[in-house]
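Note that chain A is present in both complexes that follow, paired respectively with chain B and with chain C.
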Partner chain A sequence: MSLHEVNPSVKAFAVVISILILSVFFDPITPLVTILWVVTVTFIFGRVSFKKWLLLFAPFLFIAIIYVWSTMLFPRLQAGDSVIWEWGFLTLTAEGFQRGVSLGLRVLSFATLSIMFTLTTKPTDFLLSLMQQCKLPPKLAYGIMAGYRFLPLIKEEFQTLQNAHRVRGVARARTIPEKVQQLKRYVIPLLAGAIRKAERTALAMESKGFTGEKNRIFYREITVSRIDWLFFILMISAVILSAFISWKLGYLQYYNREL
Partner chain B sequence: MLAKWKLREVIVLSVLAVVFAVVYLLFVQLGNVLFGLFGLIGYDIIFGIWFIVSIIAAYIIRKPGAAFLSETVAATVEVMLGNAVGPQLILSGMIQGLGAEAVFAATKWKNYSTWVLMAAGMGSSVFSFAWGFYVSGFAALSPGYVTAMFFVRLVSGALLAGLLGKYLSEGLARTGALNSFPLGKEHKRNVTV
Partner chain C sequence: MSLYDQIKAEQLAFSYEDSNIFTELTFSIEKNQSVLLLGPSGSGKSTLAYCLNKLYPEAVDGELKGSITFEGRNLDDFKPGELNQKIGIVFQDPESQFCMLTVEEEVAFGLENFHVPRAEMEAKIDRALEWVGLQAEKKTTIHTLSGGQKQKLALACVLVLQPEVIILDEPTANLDPLSSSDLVKTIARLKKERPFTLIVIEHKLDDWVELIDRCLVLDSSGTILFDGTLVQCFGEFAPYLQKEGIWLPKVVEAGITAKNAGMYKGERLPLRNHELLSGLEDSVAFLKKENKTISKKEPILEVSDLHARGHLKNINLLIHKGELTALVGANGSGKTTLSKCLAGLLPLMQGEIHFLDVPLSKWKEKDLFQRLGYVFQNPEHQFITDSVYEEIAFGLEHRATALDNLEKIGLEKHANAHPYSLSQGQKRRLSVATMLVHEQELLILDEPTFGQDANTAREIMEILDEKSGAVFMITHDMELVDQYADTVHVLDEGEIIFSGAPESLWDNHEVVNRARLKLPFRKQLQKDLVRRESHVTT
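Let's turn to the complex of A and B:
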């Protein structure tokens, strides 16, 4: 079994539902166990390169640290919290610290799930699967694919604009107001070009017989097999098992208690 | 929802969503810098930018669903571009789009004045904040800080999505690229009269 072969929609739902379940709990252990599980699955069944993974994961580590920091600096103080450290207006409580770490680990657990998805899913397959399994209207799906193909063209146009400005002697923007002005000079022509291209594409699609009818056949069929469902069940049970482990260790807390 | 849409409108909506998906990803970087400087509230300062495609698409196309669909598609494309943004972002996009759509629905998709556009940006702020409150666990923060975050995001939604969206759309209308859309037609009428 390879993660690359799992149906993209099923994979996406497994990730989204795992995140929704994780959001119910509010303790450090549940996300921590989930992280360990997801990382193991990503490397054993996804065979992704560690370098690539780390590159995507590093920013989240930074975000998680600031989450912990924010929660420690602006904690929700409750009666009975035990103060560990006090300095001026800063008060660090044991409970505040645990909440901070819980939030930070929650961010990281979401990140590992997201990275598992993005590193093992091809964009076009995802879109084809959304259309074939999740009833995304073909009009919209092919619209998105056309738009997606525009990106390199828009980049090229941007470079042309840049060169054109340079030829006409537009000075390089230095100050912030100049930069805003420069941004405006690029954004409007690029968007106008994109819209004109979109209209031409629509015309071309219609003239070649594209109706957007939902009853259509596909050159590339994306299927759902038993292995896909097995993956789905495994992922969801792992998250529930993490919560169970946390409960056994006496850490489990529901989110509601915080409200 | 799409049955009454012309293919032209669907493709233009998708293209706008694709372009802004790239813009959104760039702003995540900026958000991270602000986040590093100011903590959680740093994101809220620029949060409005992530609703802008709803406002632009709705203002240009003026059909029920434009705000919701454009934001949802932008989120889907962000996932496709694959910068560690997982499929849960599609859910966030839907919720943000619904916030703006709710405001346009309240005017029965008839009124696109500046105030309505700003209110639509604020609608997205409210919906996204409620969602963030649950998913990101804002309940762990002090109520005063959360309230401040909420108001900063509200203002950001009104200005960066509502006003900036209107301004950009009108700039586009002036180029003539929107002549076959309601906004472009309106612009032409105003110019000739």
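Let's turn to the complex of A and C:
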């Protein structure tokens, strides 16, 4: 079994439900166990390149560290908190530490789940599946698909534009009014180009008989099988199991607007 | 009225944003006819094509008057999408006519729209890909295909629906010479195997002559200038078309030149090379080319051992003062990348470029671009102000000279217009002119005549030819190379495989074939002449 073959809609559903369950609790153990589980699944069943994974994970890790840091050192002090360490205006309490770690791991658990989905799902498959399983209107789905194809083209066009302006001898913008002027110079041709491309693609799609009609016959049928639901059940059970472990260890807490 | 009229247009007029694109068009097209739709740029050829296909006026806020019928039924009576199964269209730009990621999915897209049962899809897709010779690319992602392959795919997407009419809207505009001929051959073969009505809008006409039976010509105001057979159109009316700025087949153009010089005695203008040759009184004298002589050969730009991103390797070349240098090569051979490297717009991985004996990296950007200009493929990219006058005057010390420059390119009446509001040809002229005002010593151009009508293309080439400094241009047009270039470099898969005079390139068959080039008309004619004479003597 490979994560790439799991039905994209079911996979997305599993990720969303897992995140919803996780958000009910607020403790360090539930997200930690979930993270371990998701990372294991991602690498064993997803055969994802570690480098790519790390590239997506790094920004979340950074946010998590900042969260932990600020919650740890600037806690909402309550009577009965046990102080571990104190220096000037900085106070570290055991409760503050736990809250910080819980928050950080919570962010990371959401991140690992989303990254698992992103790295093992082709955008086209996801859209095809959304149309076939979730009745997403084809007009919207094919619109998104065409837009997705445009992104690299627009980036290329932006670079060309920058070069073209360099050749014309436009000095690099320094002051704010200059920057506004420069933005205007870029935005108009970029938008004009994007609109023209979009119009052309729309025309080409229409010329092949695309009307946005809902009952299409799809060349590539995306199916839902028992394995997909097995994946769904496994994922949800793993999250519930994490919460159960946390409860056994005596850490489990409901989320109570801590942040 | 013929019984077989498949498409009929009566009193057709289209207006968009208060300006008339075309007016009072009345014509009919017979089943399985091949019609060439001609006209100067802006005459509404594409608009007309989209109207026949019912894409317009719905897709734009235009107003269509008059009536079009398809097989006796008014277009208004067709359900949305219904007509698209009968009339297919291939567009000019290979980049923006696809919406899926892989070849098979794209071909399937049309079948899906028309509710073809899934069980039948695969066989139909395979057959369509076989027709255009793309069987091997079935699972390939579209963006890795070459320009020629993309146009073949676009054709396959239309063919798979087995339409009765196929409209081609400048299908070879973005292709190298050999890919263009290839596409035309594919269409000719398919039409023989399985007849369909063909409507072609095209600039490069030579390959099409054998295939077309009829021409429909629009003038710049959007009325019918000529409607009749191909033979009549080019054989008799060609001089009028030439005045309108309409592209002609090269052999017809040569016929007009010969006739004006009193060397051609045929009754009507020639449509094929052998007709021209038999009509010429003295073919040897006609084919003689004046050799340009360049006295001084001082290098202005010197490239040594350049390697760069993409796949450029071992590039060595010299550009001389006062010369016009052309860079040619197949789609995807790295021409644009190389030209950008020469202007210092892309980093080099290895090697050195000297401009006026100073390494490019040592130049201050501001000084460099006072002396070296670059004209991008899309003129709109280069506009930075809100009026045509300001475009020219930008960065000039003596702004008064801007008006003189505007007069030179014939845009003085549009001085206060926004650059974006100009026509395609005017935009192109303006973008070239903005690069001439500083009297840059080297001007690099990426396909300056792309998408222009014959008059604009000629004007641009004349401006470049008169320019005092050096000119380096990328082009697919071998006629331009033959007519204007002093030196030509051939790029093939990132390597320069030929540098020298155009004349010696034409004699080098190996290079011409490998780089997917074609002989210019003059050389082809010479070859035909030799063959003819050896035929006579044996």
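One rule holds in what follows: the second predicted complex is superposed on the first by the 241 of 259 C-alpha atoms of A that agree within 3 Å, B and C clash if a C-alpha of one lies under 4 Å from a C-alpha of the other, contacts with A are read in each partner's own complex, and residues count from 1 in each chain.
Keep in mind that, in the parts below, contacts are C-beta pairs under 8 Å (C-beta built on N, C-alpha and C of every residue); 3 or more make two chains touch, one makes a residue touch a chain.
All values reported here derive from a predicted model rather than from experimental measurement.
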| item | value |
| --- | --- |
| Overlay on chain A: chain C relative to chain B, clash or fit | fit |
| Partner chain in contact with A:146 - chain B first, chain C second, else both or neither | both |
| Partner chain(s) touched by A:219 [first = chain B, second = chain C, both, neither] | second |
| Touching partner for A:185 - first (chain B), second (chain C), both, neither | second |
| First (chain B), second (chain C), both or neither touched by A:209 | second |
| Spatial angle chain C-chain A-chain B, Cα centroids [nearest 10 degrees] | 70 |
| First, second, both or neither for A:197, with chain B first and chain C second | both |
| Chain B versus chain C as contact partner of A:163, first or second or both or neither | second |
| After superposition on chain A, the shortest CA separation from chain B to chain C (Å) | 6 |
| Overlapping contact positions on chain A, where the chain C interface meets the chain B interface | 146, 188-189, 192-193, 197, 199, 201-203, 205-206, 210 |
| Residues of chain C touching chain A in the complex | 50, 53, 55, 59, 80-81, 84-85, 88-89, 91, 93, 95-101, 104-105, 108-118, 121, 125, 157-158, 161, 340, 343, 345, 365-366, 369-370, 373-374, 376, 378, 380-384, 394-395, 420, 434-435 |
| For the chain B and chain A complex, residues of the former touching the latter | 2, 5-8, 10-19, 22, 32, 35-36, 39-40, 69, 73, 76-77, 79-88, 90-91, 134-137, 139-145, 168, 171-172, 175-178, 180 |
| Chain A residues touching chain B - in the complex, by the definition given at the top | 11-13, 15-16, 19, 23, 26, 56-57, 59-60, 62-63, 66-67, 69-71, 73-77, 99-100, 102-103, 106-107, 110-111, 113-115, 117-119, 121, 123, 126-127, 130, 137, 139-140, 143-144, 146-148, 150-151, 154, 184, 187-199, 201-203, 205-206, 210, 212, 255, 258-259 |
| In the complex with chain C, residue positions of chain A that touch it | 124, 142, 145-146, 149, 153, 157, 160-161, 163-171, 185, 188-189, 192-193, 197, 199-211, 213, 215-221 |
